[in-house]
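The data blocks that follow each hold one structure.
Across the two complexes that follow, chain A remains constant while its partner is chain B and subsequently chain C.
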Partner chain A sequence: MSEMWINMGPQHPMTHGLWNLRVKIDGEMVLDVDPEMGYLHRGIEKISEDRHYNEVITLMDRCCYVAGFAWEHLYILAAEQALHIRPPERAEYLRVMSDEFQRIGSHLMWYAAFVQDLGLMSPFLYGMRDRDLVLDLFQAYTGARLTYEYMRVGGVRNDVPPGFTDRARKVLDWLDDRYREYDALCMGSTIFRERCDDLGILKANDCVAHGVTGPMLRAAGVRRDLRKDRPYAVYKQIDFDVAQADAADVTARYLVRMEEMRQSNRILRQVLDWLDHHPGPMMADNLPRWLGAPYAPIGNEGYLLKRSYPKGTGFSAVEEPHGEACAYVVNEGALHPYRVKFRSPVFSNISAARQYLVGYHVADIPPIMGSVDVCVGEVDR
Partner chain B sequence: MEAADLERALRPVLGDRLLGVEPFEGTAGRVRFRREGAVDLFRTARDTLLFGHLTMVGGIDWVDHREVVYVLWSDTARQYAILSADVPADDAHIETASAVWPSANWHEREAWELVDISFDHHPDLRHLLTPDGYVFHPLLRSFKLHEPEELEVKSRHV
Partner chain C sequence: MSSATLYSVSYALAALILNVIGFIIPPIRAPITNVDVVTVLAVLIFGALLLAASMLNTILLIWWERKLLGRFMDRRGAMHVGFAGLLQNFADGFKLFRKNTFQPAEADTLGFYSGPTAYMVTSMILFGILPISSGWNSGSLPLSLLLALAIFSFAPLFIFVSAWSSNNKYSLMGGMRSAAQMIAYEVPILLAVVSVVILSGSFSLTTIVYEQQNYWFWGPLVVALIVFVAAMLAEMERIPFDLPEAEAELVEGWNTEYGGMLFAFFMLADYLRALVGSILVVLLFLGGWTLPTWVPSAATSFPLAGILWFMLKTYLVFGLFVWVRASLPRVRTDQLLRVGWNRMIPLALLSVFLAAALVTVRCVPVFGCVPSAGA
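For the complex of A and B:
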């Protein structure tokens, strides 16, 4: 018997970011784990208190660097509630379109990284290749591939360029065929199944108790998706199914994410059709003049600058690619938010690591943590 | 579920430890309570009102006092609810929620190090996002962004 603690991280192929998983092992068995976060803590919540409402959007893109749109949308919804602003309908459709393309992009990034952890090299290349098609679309209407700064309090920055919807449909057609290929590569591979089946099991009760959400919760048989349960933006008008599996293991999480990408295609086709037939404004027309101000006074005392605008508190929740994200924005009648608090889904998913890692082998840690889909940017903020 | 329903369910349990329930757009309501009623409120919220998920815990520094905000989700009502308690700035502590919802563990560690609110009987109250030995609480209003700080950081494990 020789028990010891080893570090997996902060630089380790398993981490997919910068964090440290301390593991207590006895031979090959995992006896205990202790995730150590904070290597990427940039104080986004603190910096937000020092910025104009629209300047916080820049930080949101950097919160989760593979799902920037989801975080922009999250913050915008809370800020609009705090400031009592309603966006026009076309802007909401454009936000949903961005969200869903982002979900595909994020899941493809996860797919590429996850299967590479398992030692399958070709799916990694395929996943990254197809994610680039989605990034090309982002570039076409936001000018950026990773940090978009597209959504604004009260709407979105600009419309999609002419011919964009047809181009987007071609990408969706291409992706539909690719999803079948991915499935054949993974579910048809004995190596994949042997490494993933019955691994990292986290049952529904434990998921709920430890705050685990998103694909991990749906893979445990709980049909919970904020797009259905608490529809924000225009998800109420859109027809789609919630992906679900029952095995609660790594394979089930893979199946849920694959199905989510198919459902995103379905949502996107409806949104693109709507965009073709409903031109309209991009921004709300009753915006206060100060919200359009390009520069806000800098300084921690900025909140002392009073303006005559109602105070308010905003709360929003969106189904981010990784799970349930929440934002709490306090507006105290200044040019800057008084306090911004975010709830990151991965934060809670990692906090439950002891529940789904202990009792397995050291070599099982990369596939299990891969199936969690870690994005450290949003954990540390 | 609406604010009145929450008040009706919580008033008999909490009595005057419940300060009131106000409507909050997009949620069942915001419950304001005295910190002495924390444990009873948490248990009632989970077992009677069926708020099985604790979504997040956050702290707000109001300079003269601090506020602890809890967000709950109920799978049966498909709704959020917000709980909020004020604690004095010079004696900022409240009972932990992690005995009722284990998911509170990390959220409370974060609120402890960033907003300087202590959680009584927390099983594992140590630094999460900031290094060990970090004596500042960055999310307090007294922490200025534009003034440099000096700090010697110790290694966590030697």
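For the complex of A and C:
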């Protein structure tokens, strides 16, 4: 067979979303790759400029469909900074709880998709089954399983229902056992190690050069986690370790994500204990009327109310399950943000595809891309 | 039991049918009850019975896999059509039957249609030559084992033909992989079989089964069994060796462009080959339709006992394949070749030497003696 280009995507089992990886192959060898994004562009940043601050939250859930809470949190942090609002502490704890459950949910989704790429059938369903428990928890306190619209500028929508923390602890106990099971199925399998060791290597300096962040960066031996390095919300008060591995290959990324799930369990136990003993308000008490949840005033009334409110800009950076996401919100004195800009970690991570795909086999593309954990919703926004 | 064979049953049926017709229409009674006419009809009925049995077993096998896989994955498998989902596969089959057959614009028509047909037909022939019990035995071919393996190894050719004529890059890569895979498993499979042949002194599957009356061959030839099962997994293109249709990177591999009944052909033939693979394991290593001598004779003396035990063993062996599928990831082409040549072939050679030693010694302390080895 001579050299040829094949399109892996936009409709292909490997992509886990709507994007196209053009691959130049010679037989089974990958000679060149060319990632093409943009199939899922919905103009979320532009739409945000026409929406009330609280209405943007709806769009954030759609940014990444497996990590809605992380993106809500990202936007909320920037918006609160732009609007000079401080949320109450209990709301911050509830946000961290949502974030960490979301991290577990997202990583379980990644686990399911990743092992499926390797041809492992059963762990796919195990991962989805256990993610369902996390989604059930979300449903218990937000009413939704995927698009929550739970966080608000100035706090969160509502408190967790009675008995929620005990139920959540039961889920954590169950998950602790399951992590061991996952490890036995993957790290205990010779074929898994044969497939994943020394595969898709992206060294630390390449990661930095291409702006690759998150588990991929930590798997390359860099101990960087925004929750530690630039603590937001209440992460400063919480005791946890940053997962890290040195091999920079697919196995290392697997190990990092597994360790992150364990650390999330650890964080969640502390957060749940805090929530049990510290009742308090859900929303900041000095919120301006035009921002009051859940009903925002419409039309002139809002503009009149807002005229005297100070302008400002807000920047936030959040350790999303896929990497470091950033947001920039400009408040120019209207009911809606003047400009919203996001940085998607996955966009950078798959833009570096040439660095970690070329030179391997065609059969290696799915596990490598699986280890990147692609979420196309946030790539295109 | 031994008196009623599949052929004698078919012959009796043919004679009955023709005599009934002759009784209804007396003028043609003499010509159609001629022994030649009866024989021709008997052969046709014989073939129809084989076909029905193979299709029925294949569909049952798919059900068995779906249920087992479901349980391994913590779900229930097919549940709703028929008792415990037994008829689900028939429903799926009818659905595929009703679908339009799509042919890509630039596909080569001859190859596109002849590939799946030949794949299906060779797989069916395979089922026809295998003995299932002392009665279910389409002639005692002296070289039936060799014939079975020869027909078995046709498949990559037809896969390659249909892949190439689909005019799809993914199909072509799947076909290439299928051809490469054949190089990896064909030699170990033959070497593993050689040790059985040495121990039993025959290429006839029926003889091999009867040679296992003192002990089943899996005991002394456990290494050969492991090699044979592993190579069979590659031959049947099942996980962990389903590289030609690795859905993660090749969409559906060589059958990407096939839909409707042509896809059903591939699907049925795949499972038919899986059935034949399990049957070969049972025949070569697990004593075929016989049971160990210490089992009370009541267990083997009722009608169709041979077929029952045989099918039980076959489905258990296939259950093992399903278990493997549920718990192992897929290997890569170069890794499969490496395993085939660096691991399986030496192990199979070791087993050949072991078999030769066993034949020389004739009797093994734990297992007993080979009835007529080397004689």
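The rule is simple: the second predicted complex is superposed on the first by the 366 of 381 C-alpha atoms of A that agree within 3 Å, B and C clash if a C-alpha of one lies under 4 Å from a C-alpha of the other, contacts with A are read in each partner's own complex, and residues count from 1 in each chain.
We adopt the following convention: a residue touches a chain if its C-beta (ideal position, glycine included) is under 8 Å from a C-beta of that chain, and two chains touch if they have at least 3 such contacts.
No experiment lies behind these values; they were computed from the predicted model shown.
S.K.: Have a look at where A:229 lands relative to chain B and chain C in the superposition and call it first, second, both or neither.
M.R.: The answer is first: A:229 touches chain B but not chain C.
S.K.: Once chain A of both complexes is superposed, is A:45 in touch with chain B (first), chain C (second), both, or neither?
M.R.: So A:45 only meets chain B here.
S.K.: Is A:117 touching the first partner chain B, the second partner chain C, both, or neither of them?
M.R.: The second partner, chain C, only.
S.K.: If we overlay the two complexes on their shared chain A, which of chain B and chain C does A:336 touch? Say first, second, both or neither.
M.R.: A:336 contacts neither chain B nor chain C.
S.K.: If we overlay the two complexes on their shared chain A, which of chain B and chain C does A:125 touch? Say first, second, both or neither.
M.R.: Only chain C; A:125 stays clear of chain B.
S.K.: Quick check on the superposed pair: does A:210 touch chain B, chain C, both, or neither? Answer first, second, both or neither.
M.R.: A:210 contacts chain B only, not chain C.
S.K.: For A:13 in the superposed arrangement: first (chain B), second (chain C), both or neither?
M.R.: Once the two structures are laid over each other on A, A:13 reaches chain C alone.
S.K.: If we count contacts the way the header does, which residues on chain A are in touch with chain C in the complex?
M.R.: Those residues of chain A that touch chain C are 1, 4, 6, 8, 12-14, 27-28, 115-122, 124-126, 129, 185, 189, 191-192, 194-195, 361-367.
S.K.: For chain C, which residues count as touching chain A in their complex?
M.R.: 69, 72-75, 169-170, 172-173, 176-177, 239-240, 242-243, 246-251, 325-335
S.K.: Which chain B residues qualify as touching chain A in the complex?
M.R.: Chain B residues touching chain A: 24-27, 52-56, 58, 60-61, 69, 71, 73, 75, 78-80, 82, 101-103, 105-106, 114, 127-131, 138-139, 141, 143-146, 156-157.
S.K.: Quick one: in the complex, what on chain A touches chain B?
M.R.: Touching chain B: residues 5, 36-38, 41, 43, 45-47, 50, 81, 208-211, 213, 222, 224, 229-230, 299-300, 313, 315-317, 324, 326, 328, 330, 338-339, 341, 343, 347-348, 351-352, 380-381 of chain A.
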